[in-house]
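Heads up: the structure comes next, in structure tokens.
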Amino acid sequence: MMKTAYFPGCSLHSTAKEYDASWRLTSRKLGIELQEIPRWICCGAASAQVTSHLLSVSLPCRNLALVEEMGLDTVITPCAACFNRLKVANQEVAENLQLKKDVEEVLGKPYGGKVTIKHPLEVIVKDIGLEEVRKMARRKLQGLKIASYYGCLLVRPPKVTSFDDPEDPQSMDNLVTALGGEALPWAFKTECCGASFSLSDTDIVFELSGEILNGALEAEAECIIVACPLCQSNLDLRQKGIEKRYGKKLNLPILYFTELLGLTLDMNVRELGLSKHMVSPAKILEKVGFEI
Amino acid sequence: MARIGVFVCHCGTNIAATVDVKKVAQAAKSFPGVRFTTDYRYMCSDPGQDLVRRMTKEHSLTGIVVASCSPSLHEKTFRKCTKDAGLNPYFCEMANIREQCSWVHDDREEATSKAIDIVRLTAAKVRKNKPLQTAFIPVEKRVLIIGGGISGIQAAIDIAFAGFKTVIVEREPSIGGRMAMFDKTFPTLDCAACILTPKMVEVSQNDRIKLYTYSEVETVSGYVGNFEVKIRRKARLINEDKCNGCGTCWQRCPVRVPSEFDMNLGKRKAIYVPFPQAVPNVPVIDREHCVYLSKKKCGICKKACPFEAIDYEQEDEIIEEKFGTIIVATGFTMFDHSIYGEYGYGKYKNVTTGLHFERMLNSAGPTGGKVIRPSDGKEAQKVVFIQCVGSRDEARGVPYCSRLCCMYTAKQALLLKEHNPGAEAYVFYIDIRAAGKNYEEFVERVQDEYGVTYLRGRVSKIFERNGRLRVKGCDTLSGAQIEIDADLVVLATALIARPDAPGLAHMLHIPYDQNHLFTEAHPKLAPVETVTTGVFLTGACQSPKDVPDTVATASAASVKACGLLSHDKLPIEPQIARVNVDICSGCLACKDVCPFGAIEKEEIVDRITQEKRWVAKITPSLCNGCGACNTTCRPGAIDLDGFTEEQIFAEVDSLVAGKGDEK
Amino acid sequence: MKDSPSVEDRDLEPKSSEGKAKIAAFLCKWCSYAGADLAGGSRRKYPANVRIIRTPCSARINPLFVWKCLEEGLDGVLVSGCHPGECHYTEGNYHTRRTFAVFRKLLEYIGIESERFHMSWVSAAEGDKWAEVVKEVVKTVESAGPNKYFSKSEEAHG
Amino acid sequence: MVEQLRQKAKELLRNRKVELIIGYQRSNNNIFTTPCFIETEDEVSRLVWDKHCIYNLSSYLKEIKKGVGIVAKGCDVKSIVALIQENQIDRDQVKIIGVECQGQVDEKGQSLEKCQSCQVHIPGIYDVLIRSKTPLSKNEPEESAEEYSAVEELEAKSTPERWRFWQQQFEKCIRCYACRQICPLCYCSECITEKTVPQWIRPSPSLRGNTTWNVVRAFHLAGRCIDCGECERVCPVNIPLRKLNKKLQKEIMAMFNYMPGFDSKNKPPLTDFRLDDPEEFVR
């Protein structure tokens, strides 16, 4: 049993509960014991960065310092934005002693800088291994055509995130292949979905996410899998609006890769949170052999 | 007894403003061995030099310290001055109290104190100086030119015209290099072949120029005036003396493979000349693809050859020749853009490079001058050019600007319009660098008269959509996001050093920079020389250059080479290492560290025991005077003239003496 | 035989430099010496503690020169050459690097403060770097205090 | 083993392979040994071999370079390798009578420190090998982890403490140069300490000159010393010279992965380099 700290982040406790639930379920099955960081705080996301640099580094570092207090050396965080912020902050304090001092003053406690930050994908592909996952899978994806969408934060900047190719990432695609699906080559894997403009300037999201959905459809995808709560909500929640604007039916279910993995591990559809999506994943479930 | 003179220069106010020069001259009077000191406003001026000469004679000085600027500026001046005064020039040393003292300190007292120390140190060294004599070596009056592109061709023609013999060693089956691949040259739009071919022919017909094509330099030993070079003549499998280039063989050959010369856009045979104007017009057999060589079947070319010139058994030949100087003209290669994910990691057929495009434009090229989409051969109507691919990209490519891409991209866009007036051309650029005669005007014309759209910005992504390439980028001048559905994308990839450049550099003992480009002796004042005397650089092996610059450096290197060859004997720097064989124990650690192969094992008869033993022997003409051997020698049997142990010791000692009684 | 410095010679030493660290710097003439010249050409200011000894290549710098400086009472020593790959003699500085990688370990082991010996790569184009290196080296050497390894009082005890 | 040794020595002399054999003979006190020089077959009976043969006889090869046979333990052979590597002797001119060694003892019967981490019970090169009747099962160090414990102990001290330690040691030095004379690799015909122009090292015994001598000696052996320990054994004032030699051996192994005395074809580490040598100490 691999024991690590767990930083769900705000989204996974609110809009992306199904990501949280499906990761907790699948990780247990994969032999990972997640210990949620007690009294964790927001990573600061994009807002802290535009407010104050010191704040944007201190917020993630507080969470990392808590991990050290737990006596653990690794933390897993599924949200791509959290993952990115934690990684960036950790690297910045490692490279800049003055900043480290300033951060420690803000926190009122020392931070040793020894925590490794991992994304679930990295854990599955690198630590556990796809061969192991393939053996565990009780159901196969039956050639389901899947477009893997990574978004911008998970693989960039490559020097910081450093676990997959920044232009043509492969980890989710390889997972899909291992589980018996068809990983589609397409050009929008790392395009921006519009992110937090979802609320402030919806037009931008309509355009950017529209491009992505269109691209997946052109590649003949039956669904898109994602690894970021914001990507999921933009592609899923705004799909109706995009359909209206383009005047064409898309009907592309947007799943977390953890949900897909959960299905092949024969888990409960409802517990995985598959009922929470706007675009119904019914046709996928059917293909994998679940009855609705 | 040493009689040293110290001449302190004011350098106007350059030194005198921060250093109390009078005090320095006064202080120097008490230094060991110093008999005369003075100061003067400009020591390098005629009256200043005269002062040095007069005082040297008047006070019978045996050593001179000039306390002024860096030795890199006036060491030569004052050594000559010393010589004129009747002393060995190496009895003069410079005390650098300007660049390394008055210019870098503000506090007058501190600077003066440091200047006194510098003069003390230099005077201490001069006391231990010894007369050094310049030696002479004979000169072999032939030039080796490595590389037969436009650079090597021009150098060979210039040197031959000056009356000296040259040998061109070219790796490929024909001379001509990259320029032979070009369609037209900017900004005049001369046809590249039309201006290059006559020069190639001249090379082949000139009695003073010998051509070794399909050959490579294997080893280089020796030194200026006396380089010994081994050249591998790779087996063409054709007897060059018998072949007259009739072409029967390659017309009959049944094997068709992609042509390297045409950037794999066209085909050639397994026996081939790379292009019709090749010099020499002698084919070569491609061992990898020849059916006879792999399966012992076929042999059609041999049967077809009317001159029995084909020889499947021919073997590589190693020839040894001697040269006085070497000109390196090995050119460049193109950056491989397939590391760029945003351009599709090299997986899209219709994402090509400038060199591909040149071949397409060429009416004798694989597409007959039609610009096509390599994926389906259809004529390209919309072409996007992207500049700075690999250039100015420290993270993934090279940090420097490749200099020609702005110009050839403009030229290619123009030619596209000329070949197909209905075509659309877009150029993504960072900056337009058109610094050359009529260059800026040319780029203006391409935009204004030919309607090529220039967009200042980078391309963020290229992907295939509906059989075309969707190019996403930005125009930073208007702030607009740009999307273009193109038929063809042409990347202006960086010009980079050849992968084997470091190997050649080691062979020639010339340095190269972090980008593996060969380093000139001085970036401004010795741009075609290298630190190895007798080895010169020309063309793009040193840094990216366009044709006129390349030709200019080729002519420059030729003058340098001819200058050397105009002497029957050459002087060599006297600051070289010596072995005291009485002390040498023959461990030859010095041989291991010598970067020039100047040290070898020699058997001598011991002076005392009369027994034979091994010692180290230094070849003076090979020694460049780095002193690595000196440091390695444990008993101190080796010493470096001009920087002897005694001299450096005296310098250290003088510092200690100057430290005073602080404790 | 060595000339012992005359009494007048010592008296001329300005009082202001008393107590300040004195550092010998051995510089190869192609890169670091030219870099120091460039610092001058661009009027970059730096402390006046360093005395430069010019050598053809950093490989000419015998570690025993460095020892000699420390033995004789200089407070610090700096050795500087071309960046790896940029040696005028193609590979001299690679030998320098190895030699001093070992020699500095020996110095530390017999009890010489590591603050006293420094090495740098300064190219002919790095005038600014030269000024920075001198600043840092002076600061570090001064942090170790004056060289008292063989000061007279101790030798008397010995 | 002794019989075998004498037999082989006799053969070498009889077949004119060598004119002289350097080996060990019993000393006057009947326990220890001293070096001996055998020129005739009759004399071979003087040769002995046991755990009292501590001397590194290869030092004699500095003088006698041709037509010589030499009895050599594994550690001694390392210095022969170094002498070949540094062009001092011709491999063909020296016949090595290698002896399998299970460790040597000092006058008090204590096992030598160097023997405790020995990796060469059987010599690396030889012309003739004399093997023990009860061969060692393994040819590995017994406590290799502790090989550098003495060095590490000193490293752990503060810089002033180390300075004091070595000053106390060097203060004792009487500049007899026994360390140099016994060292098989100190073969220079004129040692740097004898040089007067310039004078690198103050010649008379003084703390300053003594320190310089010991620094120079150690550095001149850096990457070359094969740790036979003879310098320390012969030092009349007991300066722990191996502590200096081992330190440099340790650093060179760590930085350049080089151990002297094993391969005569290699360049010694301080005349060699790699493009990626450590340089974290360079500004």
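The chains carry the letters A, B, C and D, assigned in the order they are written, with residues numbered from 1 in each.
Rule of thumb we're sticking to: a residue touches a chain if its C-beta (ideal position, glycine included) is under 8 Å from a C-beta of that chain, and two chains touch if they have at least 3 such contacts.
Bear in mind the structure is a predicted one, so any value in this text is a computation, not a measurement.
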Higher-contact pair (C-beta pairs counted), B-C versus B-D: B-C
Whole-Å gap between the CA centroids of chain B and chain C: 33
Chain centre separation in whole Å, for chain D relative to chain A (CA means): 64
For chain B paired with chain D, centre-to-centre distance based on mean C-alpha positions, whole Å: 49
Whole-Å gap between the CA centroids of chain C and chain D: 35
Touching two or more other chains - residue numbers and ranges from chain D: 200, 270-272
Overlap residues in chain A, where contacts from two or more other chains coincide: none
Sequence positions of chain C contacting 2 or more other chains: 2, 63, 68, 85, 91, 95, 99
Contact pairs between chains, per stated definition: A-B, B-C, B-D, C-D
Contacting residues of chain C [partner chain B, same complex]: 2-6, 8-10, 12-14, 16-19, 22, 24, 29-30, 33-34, 36-41, 43-46, 48, 51-57, 59-63, 65, 68-69, 72-74, 85-92, 95, 99, 131, 146, 148, 151-152
Complex interface listing, chain A residues touching chain B: 165-168, 187-188, 191, 218
Chain D partner contacts - residues on chain C that touch it in the complex: 2, 63-64, 67-68, 71, 84-85, 91, 94-95, 97-106, 108-114, 118-121, 133, 136-137, 149-150, 154-155, 158
Complex contact set, residues of chain B against chain D: 582-583, 585-589, 592-593, 601, 614, 632, 634-637, 645-646, 649-650
Residue numbers on chain D that touch chain C, as the complex places them: 154-155, 159-167, 171, 199-200, 206-208, 211-212, 214-216, 218-219, 222-223, 244, 247-248, 251-252, 255-256, 269-275, 277-279, 281-283
